[in-house]
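The next part holds the structures, each set out as structure tokens.
Both of the next two complexes hold chain A, though its partner changes from chain B to chain C.
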Partner chain A sequence: MSKIIEVNGLSRTYKLKEGLKTALDNVSFEVEKGEVFGLLGPNGAGKTTTIKILTTLLLPTSGEVKIFGYDVVSDSNKIRDKINFVYGGEKGVYGRLTAKEYMHYFCTLYKIKNNNQNDLINNLLTLVQLHEAENQKIHTFSKGMIQRLHIARCLINNPQLIFLDEPTIGLDPLGAKLLRDIVKQLSEKGITIILTTHYMQEADELCDRIAFIRGGKITLIGKPDYIKKSCNNLNLFEATLSINDIEKLQKENFFRNLSIKTIKEPYYIINFEANEADIEFIMKYLSNFAEVLDIKKKEISLEDAYIFHMREVINK
Partner chain B sequence: MFINKYGLTTLSYKAVYSYQSIKLFILFRIVDPFMHYIFFATLASALVGTSYLKFVVLGNIVYYTCQTMMINFINMFRMERRYGTLELNIASPTNTLYVIIKKGIVPLLDSLFVFLISIILGGILFDLNLPINNIVNIIFLCLVTMFTMFCFSLLFACISLVFSNVNLFLNITLAFLQIFCGVNFGVNKLPEVLEFISRLLPLTHSIEALRTIYRITKYEVTSLLLKELTLGFCYLILSLILVISMEKLARKNGELFKDI
Partner chain C sequence: MTTINWLTLLVREIKYFTNFENKMYQFLLFFQPLMFLSIVYFLNEYRGDINDGRFVIASALISMWSYVLYSSGSALTSQKWSDTLKLLLVSPVSLSAILMTKVISNSFIAMFSMLLSFIYAKFIFNFKVEIASYTLFSIAILVLILSLSVMGLILAIVFVAFQNVYDYQNLILTPMVLMCGVFIPVEQFPLVVKVVSYIIPMTWGIKSVYEALQLSSPIYTTMTISILISLFYLLAAFFIIKRIELLLRKTGKLGAI
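And now, the complex of A and B:
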């Protein structure tokens, strides 16, 4: 596999009134051709700064970034011909234009010959399932349709690398599913995709590899399974209880990150983390407070791993 | 027949231009200039007498034409910023200045229409009869003035990107032009330093040339228009430099323009 993205010691600082702010601090990673690479982290972690630098819209303060072997600082035009990007949300469209007109507009900007524009637009709108709405004004589109139109727009220049910055933000489950299916189709065609999202299930489903970014640094990088396994020492439990004094349980330090869901008093489902891994011991301890109806050790999801790794930031 | 319905200019017009209905067009391109000229003509007549009326109206015709171009140019950019499409335009492989110029064609045609309508209104309302024997100069003036206004608007539109309150910037600039370009009084009445500034602005020479063509003042028309043309080229070069510098600065600072 060939490397599409090579990032070495990338740093980026912003000058603010309060002083210098480090958005990225010595970040290094690589992305192979055809990979779906997820960049996950809390707000302000440095995801968008990374994407802006990779899309040549922002210069790094230090470090080296190469896309297709071209330097992002000196060869931005060569890179721009081969990439495209989609930012989440409803911005970036002309509401008064129809989907077809919008596509023509960007075809012209991307220097697609007039003779080829119609076929290209038909194919792309069909791919994102908007061909039936091609003559509909964009201001009548739903959020999901706008996101799909963005995807169609970003494919105009036949990019080999696409950046998707929170593409499913604010979409209903069906819209999000449709968009995920499109991302899978693009990936199957060999297009490399860089994805940022706050939806861990989505990242788990789509990404071949994931990087956790926190405070401008990449703290963990690997396949989703590897990331989940990195939290093997994490003991997460889910228990169904019948309990009369739930407050007593809440005060107990033994159960970390306790979350309680009421089924119907006195029945509750609780989720918690414990230092102890032995389920028998946990059950015995719990029985001091309640009647344990069911208890199981939870399989660690990407979300659990994310929360575990980002805890310091979240607690701030 | 000559309009490409999927061209950048046509689609930009449909996407972000303010006046898209005949009703609005008549209101803003015929009724509004009519009211503008009536107001200033009345004011001038009341203050200094009717002999000064033609002088003021001709100045205002050029000014109103420029105002039309600037407001529409700026509005297009404001809409692009509101829609979040400016970044997508700039990130495309097409040269940014080329995109801006293409988007400026409709405001240019719009203001040309306003200029022609104003000349007709001037004839009907204020007895400003078009000097047919000077038609070559009129056409030359029209081309030069439009070019300089276009280049100035281009520069102005680029500068406006750094302002969060574009309207304030626009209003101040228009007021500045109205005072310092000799719209309502000759710039030779200004102190020397201010007259020097006014000679660096667009409109000043065009207004003097138009008044001379209509035999209100006596200047050398060709010389005035050549000065105006030179200014236009200077504004174009400045715009070019500004667009390139702003693109570089945007990559350095991480933002191209202030959010609105």
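And now, the complex of A and C:
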């Protein structure tokens, strides 16, 4: 397999009035051809900064970034032909144009021959299901439509590598699903995709590999399964109880990050973490407080892993 | 970038991005010439010694200049506001070439007010405008358009480079009109002002138009100087735009935020 992205010791600082702000601190990773690679992390972690550097829009302060083997600083023109990007949100469009005019404008910018533009635009707008709105002015579009228009725009130059920065932000469930389906289709065609999102389930569904980033550093990287397994000292339990004094349970340190859902007094569903992995032991311990109707160890989701991991990073 | 592709881009620019729905542009292009011509008309009634031809052109020039100032001046900053600048930057057409389509498109549209001024002058006010040679006059207009485009390019750069200047664009509107010899020929200015006026490309474009109107003898020299000065600024602008691109990549100030 060939490496499409090679990032080595990448750092980036911004000059602010108050001094220098480090947005990326010695980041290294690689992405293989055809992968869907997720960058996940809290607000301000450095995801957008990373994407801006990889799309040649921002210069690194130090370190080396190669895309298709070309350096982002010295060979940006060779990279730009082969990539494209979509930033989430409603910006980046010309509201007074129709979808079709917008596409035509970018087709001309990307030097698509006039004769071929109509077919290309038809295909792309059909792919993102905007065909029927092609003559509608963009300022009348919903968020989801704008987002899909961006996807259509970013496919004009037939890119081999696409960057999607929070593409589903603010979309309704159907809109988000449509977008995920498009991402899957593109991935099936062998296009490499870099994705950032705050929706863990989305990342889990789409990504072949994930990097957790926080405070400008990559703290964990691997396949979603690996990331979930890396939380091997995370024991999550869900129990259904009949209990008279729920407050007593809340005071107990044994049950960490306890959340309680009342079904109907005295019946409750509780979720918690414990240091102990043995379910028998937990059940015994719980019976000191309540009648345990049901208990199971929960499978760790990417979201659980994310929360656990980010907490660990802070505590370090 | 091939010439054909660039011309297609220019046509799309004119077609898609000319905003006749903008009330201010409507005023500048269609009503302002009418307003100035009315003033000229009443002054003429009162004093009776006003050179009609020169004032018809002057009224057109004011409209053309103000349209270029507002439209081309925001050519780059508006891309930042709509967050489309990064899309343009990564496209295979250079930012200079894209900006050229924008400023040429604007100067071309500005020409409408020249045409309108003549129509108003003839049919509403009954002014006599004698154009000695239509061919020469048309060439002079093209020279003017080139100089206006270059002015637009410079404005676009200045406004994106110094955000705070943007707030003062109204303030340079009128001084520029005076400096470039729209009303009083530059030759009559004090030396210092004259020097400044002569390094503004628009001055030469305007001089060409006036000289073409009257068939003054230095017309060919003036047009040549106008073209040369415009080309000089054009080259400088291309160079500066490259620097700006680099600077934007360095500082990361590409978008609205």
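The criterion applied here is as follows: the second predicted complex is superposed on the first by the 311 of 316 C-alpha atoms of A that agree within 3 Å, B and C clash if a C-alpha of one lies under 4 Å from a C-alpha of the other, contacts with A are read in each partner's own complex, and residues count from 1 in each chain.
The criterion applied here is as follows: contacts are C-beta pairs under 8 Å (C-beta built on N, C-alpha and C of every residue); 3 or more make two chains touch, one makes a residue touch a chain.
Remember, it's a predicted structure, so these values are computed and weren't measured experimentally.
K.L.:
Since both structures carry chain A, what do chain B and chain C do when superposed there: clash or fit?
P.N.:
clash
K.L.:
Is A:Y105 touching the first partner chain B, the second partner chain C, both, or neither of them?
P.N.:
both
K.L.:
Just to be sure I read the superposition right, which of the two partners does A:K52 touch: chain B = first, chain C = second, or both, or neither?
P.N.:
Touch status of A:K52: both partners.
K.L.:
What is the contact status of A:I263 with respect to chain B (first) and chain C (second): first, second, both, or neither?
P.N.:
Once the two structures are laid over each other on A, A:I263 reaches no partner at all.
K.L.:
According to the stated criteria, A:A277 is in contact with first (chain B), second (chain C), both, or neither; which is it?
P.N.:
neither
K.L.:
Common interface residues of chain A with chain B and chain C?
P.N.:
Residues common to the chain A contacts of chain C and of chain B are 14-15, 49, 52, 55-59, 77, 80-81, 85, 87, 91-97, 101, 104-106, 108-111, 114, 153, 157, listed in rising order.
K.L.:
Quick one: which bits of chain B touch chain A in the complex? Just the residue numbers, please.
P.N.:
Within the complex, chain B contacts chain A at residues 4, 6-8, 11-12, 14-16, 83-85, 87-89, 91-94, 99, 250-254.
K.L.:
Over in the complex, which chain A residues touch chain B? Could you list them?
P.N.:
Within the complex, chain A contacts chain B at residues 14-15, 49, 52, 55-59, 76-77, 80-81, 85, 87, 89, 91-97, 101, 104-111, 114, 117, 153, 157.
K.L.:
In the complex of these two chains, what residues of chain A are touching chain C?
P.N.:
Going through chain A, the ones touching chain C are 14-15, 49, 52, 55-59, 77, 80-81, 83-85, 87, 91-97, 101, 104-106, 108-111, 114, 153, 157.
K.L.:
Given the complex with chain A, which residues does chain C contribute to the contact?
P.N.:
Those in contact with chain A are residues 1-2, 5, 8-9, 12, 16-17, 19, 21, 82-84, 86-93, 98, 249-252, 254-256.
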